[in-house]
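Please go over the structures that come below.
Next come two complexes, and both contain subunit A; in the first it sits with subunit B, in the second with subunit C.
Here is the complex of A and B:
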């Protein structure tokens, strides 16, 4: 009996690969190729205004330059500082908001919706809004302080190096605290009531119940929020660019404002890509850290009923 | 290690009153079971004792202290929850020791008491596991361990066995009984399962719709139910309850058949009174298949509708005056549906309730 050979795409052992193929192709063109291309350019002296420089292989020169560049390391350190302060503030405020909203029985839905408003605005507009709030001449903050008699002169919010940093952190926190609040509120909703009551009977006061029962239960949710937000904050650009443009004198320069300036304003795309790779490694490090914490915290939650 | 006294306890949720002024004295080291159908207020009552629900009216005292306004942590009680309520992020050892740690006991005491509890409940092998890694029965044991390490004034159990499968439930029931014999303490135990109530309790409190229907020892509640609710709730299969009328010295059923009024109840009924005749299936047995021949036994002839074989006994479904009734056959043989058998009626164990009030004629 003559067996007719089945064409290979109809053979069972190839089916999974065939079905996965579209996803592979899309990922390759959309993610992998650009990544490899930018990795390649980071080893060239590629300048946007001189396309032929794309073939100007310079080896590790870009990396050597940025690693020996004090400004880069300042921006790097400032990004970590910015991230640490913003994430912790957002966590604490978000936790507070979530705990308060969880207590409310009336109007909770409405409050939850209102709470999300800041997230609905474009970061650029949030930047402009706070640029106006903190403006030393016409800003409402200075006007309010003056009218209340709390200050007698114009405070240069966006010019002083500490105050400028404070101002952009304030804007970032204002916009994104609700991410924490929403995730933690979801955690509180999912929290079983019994262990709380057991703890009360076991002798805990309210603080101890929170500290020993509620908080450990919320930690996975905290780490999820931290993972999301650390990716978000590490690539902070729009608010900073609008409010201070990385100024004064580079004192609020974060990694991505620096990368954008190097790549687009100075047209040194090769070097910008080298920086971008370093910053991506930073993001990966943070994500990995929080994800490890998340897995550790979640390990126990199987028993929560 | 204290008595618990409830005086006129009332609980409202908004305008809805769910517990209507309960009075109950629980003695030192007594095992009291609150039993009743869902929504009867038994759990609410327990949670008021624990301090997890506000008390709308009346007072709860533990020992000599009125605890109405004390938070749970100051009442020195332990509670075992239906869903175990273990702390998911702590190991078994940490779960057991948590209450002591919070109470700032020194390390040595904690270790000693935790080991002691683990020993009593056979948890030694499981000490380093987390609750997620335990089976239902093991979790329940940890929950009980957590309750005993603190040496509380009283244990409160809120339906602790209802999440376990039938076999485990029976096993854990025995363990709770043993535990109480080892660790002498006042226990308040809530369940909807009358078998648990009968087997565990020193005293049973039967509740319905936020009222206490009857308080008494298991034998008392079983033998002398004060009303038709208690009669039908306690005992399995439930007591047969058949409407009838008193005519002279006879109880006359809807189909004009009659039985004599039991000797011990004569004088408690009046001529023409509408009553409910109550008879446990154990007291309606085919001739020759009863537990003991009854003294003033009456005899009836009944058709069998259905029989359920249980091994040592068979439940016989029949009908008396158009009402379904159940009898029991001890030392059974196979009974075919449609068979007609002569039954002994143990009239000295029969009950009569007033049809209008549902109360036993003995308490009226």
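Here is the complex of A and C:
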């Protein structure tokens, strides 16, 4: 019997590409094409109120303008500061919580479930919840401080420059620490017992055991958590938008709220797109960094193909 | 003797820390829930009323439009929109994700790592940054303020993560099982539905719940791509309350409870699979 000629889409070699085709088509349509369009727009003086300005090519003017704008740089710096503080706090607190829950034997499952609650909260709800908690007039925090005699007046949490930033970071850390806690706890569960006991027999103290055995073993889990987190660091936009809207007087303005204000409220799409590209590169840099760390850690674990 | 005292102090410290931790996690949410069941007057009272004095379902009745005084915010329409958009986008994302996850788990091909990285990077684009061009394009092709417009966006948002999770679940199933089925005369397609799919089912379900929650909770894109009750979702609707001069804390809290309850129920259902999926998918890669 002559071998039948197999049409190319049925050949084994092409199957994986065919299976991935729907995923890439939708991403092309919703992410890649819009991003190309927005790259083009960032070189125009496009304003929403003047549609014909879409063809108004201005070269690098938008980028020049934002890079010489003090407000942009302070929002940029604030964003970096915000991310650095939030991610480090989340990691340290998550590690602490994982070690703590790992020690507890009674009620551990319940604690773990409660730990997961904040992960499932919509960022907009987290923002609302803390807008309520930190409200200077009726917030539970001020009421509690007053009832305990710790303060004699209303503390304007969301109005003061530093307190507002603190409140936003608090909300962000509240929402995202559980990602670290849950994944690091899973790492602790998966940890083999033998090296720990061997180290104890050899006379290591508990800090040495933690530093040289537990922590290296947990690193891949740390990087998974960091990668998952860096995938959507911009979720903080929702929180800030509800809690302060970037105010008071732009003191909690992050890159993302600035993009929204420039693009939608001021209708300067061209300039907003230029800022958006800075924020995209920032997110990609974060994710790429942690993803390569994760790949390296995987190799170290010997699990990668 | 000294050792046992140290041990006891340690145990007390552990419990104390855990207790404080649980308070910080639970109190803000509990406070919102308590507020949802009390009249707005009690929220504003000075000195504060800690335990609701006359709790009731008044706020829920009001936001859903039962009884006399309906407020101006059409929560039931938002609820229906949220449900339709989240469910539809989840189903589509799962189908695409199963197909893609299977490809990554079972085949070796050129550019595999590069394609995977590309998928992940597409997910990193901040919602607000993506919303600008999507807004411009959608308004040209009539997808602004349409449920379909959001559904398409959410499918794209969920596909990368769904593929990652499902890839991990398929990898945990030994290749030999489906190979044995193929030796026995199944096609690869049949082997998938008879062997791999049933085994990965609970994992796929948890990926689906995760996708559902992402769509259910999304705000940055929804707030810019929707305009009216035709497509506004619950998180966008929540902001309607703050647009008013005085914030209706009680009504807003009732709406917050409506948003969070489905999410919490789903969390209980998936927690085990989700952790397993994230860690195995990530570490064993």
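Here is the rule we use: the second predicted complex is superposed on the first by the 266 of 305 C-alpha atoms of A that agree within 3 Å, B and C clash if a C-alpha of one lies under 4 Å from a C-alpha of the other, contacts with A are read in each partner's own complex, and residues count from 1 in each chain.
As a working rule, a contact is a pair of C-beta atoms (placed from the backbone, for glycine too) under 8 Å apart; a residue touches a chain by one contact, two chains touch by 3 or more.
It should be emphasised that the depicted structure is a prediction, and the values quoted were computed from it without experimental measurement.
When both complexes are superposed on subunit A, subunit B and subunit C end up sitting side by side without clashing.
Measured by the number of subunit A residues touched, the leading partner among subunit B and subunit C is C.
Applying the stated contact rule after C-alpha superposition, one finds that A:81 touches neither subunit B nor subunit C. By the touch criterion defined above, A:192 lies against subunit B but remains apart from subunit C after alignment on the C-alpha atoms of chain A. Legend: residue contacts after superposition of the two complexes on their common chain; A:213 is shown touching subunit B, with no touch to subunit C. Of the two partner chains placed around the shared chain by superposition, neither subunit B nor subunit C is touched by A:92. When the shared chain is aligned, subunit C comes close enough to touch A:117, but subunit B does not.
With chain A used as the common frame, the shortest Cα distance separating subunit B from subunit C works out to 9 Å. When both complexes are aligned on chain A by C-alpha atoms, subunit A residues 301, 303-305 touch subunit B in the first and subunit C in the second.
Residue ranges of subunit A in contact with subunit C, taken from their complex: 13, 15-17, 19-20, 22-23, 26-27, 29-35, 37-38, 41, 97, 100-101, 103-104, 111-125, 128-130, 132-133, 138, 140, 143, 147, 174, 182-183, 186-187, 190, 220-221, 224, 227-228, 230-235, 237-238, 241-242, 256, 259-260, 263-264, 269, 272-273, 276-277, 279-280, 283-284, 286-288, 291, 294-295, 298, 301, 303-305. Subunit C contributes residues 14-15, 17-18, 21-22, 24-29, 31-32, 35, 43-44, 47-48, 95-97, 99-100, 102-104, 107, 109, 112, 115, 117, 119-130, 132-134, 136-137, 152-153, 155-157, 159-161, 163, 213, 216-220, 223-224, 235, 238-239, 242, 249, 252-253, 256, 259-260, 263-264, 266-268, 271, 275-276, 278-279, 282-285 to its touches with subunit A in the complex.
Remark: subunit B residues 50-52, 71-73, 75, 77-79, 81-90, 98-99, 102-103, 130-134, 139, 143, 146, 150, 156 touch subunit A in the complex. Within the complex formed with subunit B, the subunit A residues making contact are 192, 194-195, 197-205, 208, 212-213, 216-217, 297, 299-305.
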